[in-house]
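Take a look at this one; I'll ask things after.
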Amino acid sequence: METFIKVTLQLAGGFGTTLALFFLTLLFAIPLALLFAVFAGSSIKPLKYLMRAFIYIIRGTPLLLQLMIVVYLPGIAFNAPLTKWQIFGGNVATSYFCGALFAFVVNYACYFAEIFRGGIENIPKGQYEACAVLGMTRSQTFFRVILLQVIRNILAPMSNEVVTLVKDTALARTVSVVEIFFAASELLRVQFIIWPLFYTGVFYLGFSALVTLLFNMAEKKLSKYWK
Amino acid sequence: AGGTETASDSDYEYIKNNGKMVIGITEYQPMNYYDENGTLTGFDTEFAQAVCEKLGIQAEFQIIDWDTKETELKSSNIDCIWNGLTVTEERRGNMDFTTPYLANKQCVVINSADADKYTDIASLSSALMSAESGSAGETAIQSATELASVSYTASASQADALLALNAGNYDAIVIDYTMAKASCGQGDYSNLMIVENIPMASELYAIGFRTGSDMTGHVNEVIKEMVADGSLKAIADKYELTELYEEALNQ
Amino acid sequence: MAILEVKDLKKNFGNTEVLKGISFTMEKGEVLSIIGSSGSGKTTLLRCLNFLETADHGTISVEGKTIYDGESAVLRSEKQIRKNRLNFGLVFQQFNLFPQYSVLRNLTLPPELNASKEDINNSGGKTAFRKQLETKGMELLTRIGLAEKKDSYPCELSGGQQQRVAIARALMLTPDILCFDEPTSALDPELTREVLQVIKDLKNSNNTMIVVTHEMDFARNVSDRILFMSDGYVAESGAPDKLFNAPETAALKSFLNNSLN
Amino acid sequence: METFIKVTLQLAGGFGTTLALFFLTLLFAIPLALLFAVFAGSSIKPLKYLMRAFIYIIRGTPLLLQLMIVVYLPGIAFNAPLTKWQIFGGNVATSYFCGALFAFVVNYACYFAEIFRGGIENIPKGQYEACAVLGMTRSQTFFRVILLQVIRNILAPMSNEVVTLVKDTALARTVSVVEIFFAASELLRVQFIIWPLFYTGVFYLGFSALVTLLFNMAEKKLSKYWK
Amino acid sequence: MAILEVKDLKKNFGNTEVLKGISFTMEKGEVLSIIGSSGSGKTTLLRCLNFLETADHGTISVEGKTIYDGESAVLRSEKQIRKNRLNFGLVFQQFNLFPQYSVLRNLTLPPELNASKEDINNSGGKTAFRKQLETKGMELLTRIGLAEKKDSYPCELSGGQQQRVAIARALMLTPDILCFDEPTSALDPELTREVLQVIKDLKNSNNTMIVVTHEMDFARNVSDRILFMSDGYVAESGAPDKLFNAPETAALKSFLNNSLN
């Protein structure tokens, strides 16, 4: 029982890192994705095609590989090792975390951007035309009328993607970020206890259940207004 | 490309300027591990701290994925690997080693239930075996004529090999003696044991720096001092590694 | 003076000429129905009047002032267009209410966003201005018989009720000319009656309206004048009785033949 | 140049395993998913809820964890180590591959099942009623009328999921399956060449491009008939 | 003998009684229109006749043979129902054509799937049987004026054309009684005419039909008898002239008042 509590606490420590990675990824990836979506739908042809190519490449390669590129390539190819960038005071663990975060943010921004683009394209033309006829400016149209409808449209695909993010955080261990999975393998390597490895499943499951619940609540809230 | 050129003139100056040396480790008893209070400790930990103190720099330990240690070193994310790193000829092509400070022998680990079955190297001839991919253990298995017919599968790490042995996926594995000593009989590995009378090739542990780094020389100086004044032996005694320490000195 | 004067309006989509030169005038308080077979350009004409499409050629003048001229770049700028289109209101076939706002908010949002600082100051600040808009909105809702639905959301209303709200929303901006594009074509017969009744009432309170419609009964009984479009031209126009009882062109004769009976 | 070719060949060897894992997963997961979808929509309450709970758990936990459970748990908890099952002759590498394949199949069957369920639920009720009124049996209705419409409905979400599978195969390396990523890290560990790790990206990208292309072609083919 | 006899048909959805006891008979070749306001149960009645809903009580007999009895478990079995529903054909409001099949295949697929081994042998094998179905399909397509569309897909047709194909598809199974549920309500006026014309033609070739409709003109001019439903009952029925010119019940009077004008 005592070990159970100790292990739980130790895993919870790793889970803190998992959570930080999760929330920071959302925080940065969402605005970045908006920008990507705008670029990918831009009328400036080169920008549009570059953006789409970039999104295509990121979506076509494993996040695992992208993590490695962010963490190792600066040092190998450009003589500028990630850990020596003095990110937030220069603590090495922090540098790794920031590197991993960067890879997650860019990767998820690409996925989110595609969702946003779909959500925007699904708004009926009639809504824009009604706004135009009623004398609204472009920004009024977007922020006062279109945006909330986009949010409603994207809730379901975003929910899927965010649950995927919960689980993808486990990949960060490959670039030395001590998240919950790493914490569990530490317990194995140092104290030779195996079950925490499987016990992490409870954390992931609980967290993704929570995320799903929140999204369902948001969806219910918005469906109150319109079907 | 190679990361050392930044510090092109002197890796030592570069690290001095940084004020700290980033030491790549994995958690591995008895070399580097967290004790009950959550402080990092171990033979290599104390050794590294002592060396850095003498060099007037700070030691910053960074846990890395052992799989990618060469990449970590090459990308200069870390400045050295100091974690029971076996000196091998292949590795020499990729990093510089200091003077060896501990002997390392490989040993065979099995489930205690098989104690009567696997008593010598001949009895292993049809066993399912594993070792870390690219490790000294792998070389040991592949070069032993008695083991020519074993079914061998590489593991991603020694820790993985131990876990798979415990799960019964293998009959026997070959890993570092230090690690085997620390893990067999502990925790969920209480059913694992070392087969003492199967002799395996013996190697040496040293610290790995980037190729051409002048840190190697500076650290060698300090090691020489610590051997002379007995302080290194004191650390070895503390972690019950005296025997391996002395074996290294003799070679 | 005519409230609306359209002169030689032309519009192509790529290679297809859809409007080949439309001219007509309207007097204040008049109700003009536009009829014609599918593809004759009725919707395109309304969209050009509301600047949802930019005509290629021709002029549009409201109360003598030219608000559009195919040759003038100035009048084609986005800002100018936004101002000028408020001369017209447009009610769509598909209603296009804002689903996330209540009925009353659908009415008050557009004028609130269109208001200048002056408008707000003149009414005594933001809160007072909002109050005024809500009062005006409630008046309109009462007129169309939907006062008690003010807090409902569009999805909770029947099609006919939604279309009536869309009409009220257009009226909130007091356009000079209110345009309808087949306002009942998405409704079943019973709901159609509700909406046509509202349009009749608007006629009685002297609104100027253009109604594109397939409801021949409505065109005949309610409009002051009918414009029959065929193949991108105004083929015939005049009082309903004249057009229905004594059509001159072959196109209109065949159209009426198909639509009645 | 010579190393380049040698490395490419070696990676291609690993890529063969990646492909095998990919195609076998699809082969088994799709029929299993159909079964899961039927169970999850079943009118037998316990079956329905058990199936849904199972799908929920699998979708809520990392595939990484599921892989470890399949490979280690039989030995640890039930004294029946995976490698001793004599799967296809008892070769250890084969055992691991089959274990990983099993985890992939179950994991993807759960994702596919949800897509299938969505695709079936999106068929308008009118199609079933038209079939009923025209005297068709249930199985005629499903196989002659509904199925192709379901396929059309699910093409887009399946395309996403299958591209994800391409990339997820990289996870198999954690349980000693020598797929392309493992092959690349072996090159690193044994021959100390780093670039193959990044070079694997080319393989993944090419493969996911191919998969996307095939799906787009299928979609185009089907859209010819109906919008 | 009446071709169809419906007796005391009742249907509840949970606590709402929708059909409260419907009885009527039809003669061969008769066209019966069902009118009534929204929610009066017209669709539910048609769906019960086609076994898309199972009536709770009452009997349905075709040519003197009881094919449904609320009290008989045998007649309610799935297999029995599949057989008996072929006495009726049903054309939906939303057409419900099979999008993945060409027009002609939409027509030939259902009879092909319904064919017994005997049917096929009698026609001289599979290929010959198919040929026969295709010939029959082409005949029907020619009758409804869509012969040249045989290889088109439903999405390439207008709504009116799709509805005509749906009618032909129902006729392929030569039902005793063909039912329509507001066959034109999803169509605009011009397309409506096409479809109603096809139904008129069917009347002339002596088909027995039940048509739920909101098109009062059509009900009046084409049907032999009209059934006015109100609140789950047949409130009034009889010849069109009688019902339109001398309605007896208050319900019908108010309904006609709302629908015409």
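When the chains are written out, they are named A, B, C, D and E in that same order, and each has its own residue count from 1.
One rule holds in what follows: a residue touches a chain if its C-beta (ideal position, glycine included) is under 8 Å from a C-beta of that chain, and two chains touch if they have at least 3 such contacts.
Keep in mind that what you see is a predicted model, and the values were worked out from it rather than measured.
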Intersection of the contact lists for chain C and chain E: none
Partner chains that chain A and chain C have in common: none
For chain B paired with chain D, centre-to-centre distance based on mean C-alpha positions, whole Å: 38
Between chain E and chain D, distance of the C-alpha-averaged centres to the nearest whole Å: 46
Chain C-chain D separation of Cα centroids, rounded to whole Å: 55
Inter-centroid spacing, chain B versus chain A (mean Cα positions, whole Å): 36
Shared-contact residues (touching 2 or more other chains) in chain A: 68, 72-73, 76, 194
Shared interface positions of chain E, touching two or more other chains: none
Junction residues of chain B - those touching two or more other chains: 67-68, 71, 74, 163, 166, 188
In contact (per the touch rule at the top): chain pairs: A-B, A-C, A-D, B-D, C-E, D-E
For the chain A and chain C complex, residues of the former touching the latter: 124, 126-127, 129-130, 132-137, 140, 144-145, 148-149, 152, 222, 224-227
Of chain A, residues touching chain D in the complex: 56-57, 59-65, 68-69, 72-73, 76, 163, 167-168, 170-171, 181, 194, 197-198, 200-201, 204-205, 208-209, 212
Interfacial residue positions of chain B with respect to chain D in the complex: 67-68, 70-71, 74, 90-91, 93-94, 128, 133-134, 151, 153-156, 160, 163-164, 166-170, 188
Chain D contact footprint on chain E (complex, rising order): 50-52, 82-83, 85-86, 88-90, 92, 94, 96-100, 109-110, 113-114, 153-155, 169-170, 173
Complex interface listing, chain D residues touching chain B: 71-76, 79-84, 91-93, 95-96, 173-174, 176, 178, 182, 185-186, 188-192, 194, 197
